[in-house]
Amino acid sequence: MKEEVFYSKGMKYIKKDYPDLYEENVSLNKVAYTGKALDYKTQKLIALGINAAFSDDRAIKKQIISNMQEFGTTKDEIVDVFRVVLLIAGKPAFMKAINILYELEDDECVCGGGVI
Amino acid sequence: MKEEVFYSKGMKYIKKDYPDLYEENVSLNKVAYTGKALDYKTQKLIALGINAAFSDDRAIKKQIISNMQEFGTTKDEIVDVFRVVLLIAGKPAFMKAINILYELEDDECVCGGGVI
Amino acid sequence: MKEEVFYSKGMKYIKKDYPDLYEENVSLNKVAYTGKALDYKTQKLIALGINAAFSDDRAIKKQIISNMQEFGTTKDEIVDVFRVVLLIAGKPAFMKAINILYELEDDECVCGGGVI
Amino acid sequence: MKEEVFYSKGMKYIKKDYPDLYEENVSLNKVAYTGKALDYKTQKLIALGINAAFSDDRAIKKQIISNMQEFGTTKDEIVDVFRVVLLIAGKPAFMKAINILYELEDDECVCGGGVI
Amino acid sequence: MKEEVFYSKGMKYIKKDYPDLYEENVSLNKVAYTGKALDYKTQKLIALGINAAFSDDRAIKKQIISNMQEFGTTKDEIVDVFRVVLLIAGKPAFMKAINILYELEDDECVCGGGVI
Amino acid sequence: MKEEVFYSKGMKYIKKDYPDLYEENVSLNKVAYTGKALDYKTQKLIALGINAAFSDDRAIKKQIISNMQEFGTTKDEIVDVFRVVLLIAGKPAFMKAINILYELEDDECVCGGGVI
């Protein structure tokens, strides 16, 4: 379940060519998201917030999709994450995240359990 | 309630010298934390995660204290935020946040409703 | 006048779906650019410098265009901003900004009052 | 005139131990601040804006002092730079810069030609 | 030899339009890579590591290519750089770098002396 | 040998309170520094370069000390790393790293096998 982030092309290559690095990524992911007190969904929203604050296009897109498909996270919840990004990281980071969200909506490529 | 972040010395000066900037900070704070779907506590945890990812000492310290005092956020919940920071922002950012958390604990200066 | 930055697609969606966030962006923009002592053009050059230092493609492009179209900012003035970026943020950030500037020039898509 | 930034302790050591690096820093500084179209004061304000956006305490402090002492830059002009920082880089970066400005004012250590 | 990084389109324009900036970039490059104690190849690997940590697509791509073509740097050596990036800068920066590496391999566009 | 980085106070607390996080940090460290092609010393220099580019005081200091004490890394080698930082990350990051290096030298607290 927590391996959803590994479906990228690069990670498949790493699994084949550098198995120790692949295993480390799997275990790092597990320890990161095995919260003692917060649930997995909340931790994923935090991950989305950090990626948006870093203005990382590819990571924002992947996080929005995995949040929506795995947890049925709604558009309003995602915008609530980006509200915090506006405050802490400024308007360009906020706008980049908002633009990616609406492009995904236009593409209708996010559908899982999501309500977008 | 949502104005807790304004108790810094600098903000008091801004209120006196640049009231338009002060008002803007108040309204920005309100809009950021007035989530439609996420509760205020979750949004504050996201803010803490971003500040930790940015390795910003002062902001990390302020966010830990305001999370604990306003919401009774526990040490385990805060460490769960930092687990995500380790994954997304790397080990130095994680260690900086962890060190600040334990320094606060040693100082016994965080006590609000928190269980640290 | 100070709303030029809002013509992005994402901001239109925000205006419709999250009017409180839209209003906040308008007021934040106004307070940011309502300098008491510096003129608006100087503040826009500072915004361009920060966006270039952050290596943010989209924001650099938007700022170059709005600087040129609104204020008739010249290519030499923009390169003078990027000189500071080379010093403070290093060569990759400088080269990214320079490349975007010359791509815009090649596209002849910047024309406003600008002399590019 | 443009060498004011070199009075840090580290730069003196570099001058003695690594003269090629020292010379490069001098020439980099000269080329950065030798604008064709913008004046030196405007370029220094841009440098201050970038350092504030990067949340770099030491560089913010040095830039505020050199701006005030060399150009008689006023507190209002510096706050106008930080207004842009609030918009582009978020509130924690803005607050860090504001706090440093007011600490300098309290210390009365900025006096040059400045009106703080 | 140390001028390989200058073959970008933007740098050609700079050479023609702003010769002082061009000369500064040449001398900065020379001083940066003229190590007293480390060899040039090691310094280029450090440059690659920093660019990857900054998540800068364009610079990562250029550094991988110039490392491979100039020094016959192998894929394993480059992945060893990215191992450090995973530790210090987190997983999204690591994945971005890995993806660029494998895209270059797929394109077969890196061939110089490299063994990719 | 590769656990030298764990002697920080925070990591001791993590070992006691969150053993899964501690184990993950140990394994992450091992996989990061177990290069297939680059030696450990080169990887540590890359880590130093990234930390310096990130302007992270605490991490720069720790990396300088561990580089010198574990590998007898010389001052010239460390300055060669910072030459690359000047090029890729700009002068404020370079100066911060240089200042930390010389402060350590003044403190005579770095002595291991190092020749500082």
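Going by the order they are written in, the chains are A, B, C, D, E and F; count residues from 1 in each one.
Rule of thumb we're sticking to: a contact is a pair of C-beta atoms (placed from the backbone, for glycine too) under 8 Å apart; a residue touches a chain by one contact, two chains touch by 3 or more.
Just so it is clear, the model here is predicted, and its values are computed rather than measured.
To overlay chain D on chain F by their CA atoms, one rotates by 120 degrees, a value rounded to a multiple of 5.
Ranked by how far their CA centres sit from the centre of chain C, the chains are topped by F. Comparing the residue numbers each copy contributes, chain A and chain D share more than half of them at their mutual interface.
Among the other chains, the CA centroid farthest from that of chain E is the one of B.
Measuring from the averaged C-alpha position of chain A to that of chain B gives a distance of 21 Å. Taking each chain's centre as the average of its CA atoms, chain A and chain C sit 28 Å apart.
Shared interface positions of chain A, defined as residues touching 2 or more other chains, are 18, 21, 24, 28-29, 31, 34, 36, 51, 54, 59, 79, 83, 86-89, 91-92. Shown here, the protein chains touch in all possible pairs.
Taken in their complex, chain D has these residues touching chain B: 55, 79, 83, 86, 91-92, 95-96, 98-99, 101-102.
On chain B, the positions that touch chain E within their shared complex are 86-93. Only residues 8-11, 13-14, 17-18, 21, 24-25, 28-29, 51, 54, 56, 58-59 of chain A touch chain E when the two sit together in their complex. Remark: chain D residues 18, 20-21, 23-24, 27-28, 31, 34, 36 touch chain E in the complex.
The part of chain B that touches chain A in the complex is made up of residues 28-29, 31-38, 42-43, 45-47, 49-51, 53-54, 59, 74, 76-77, 79-81, 83-89.
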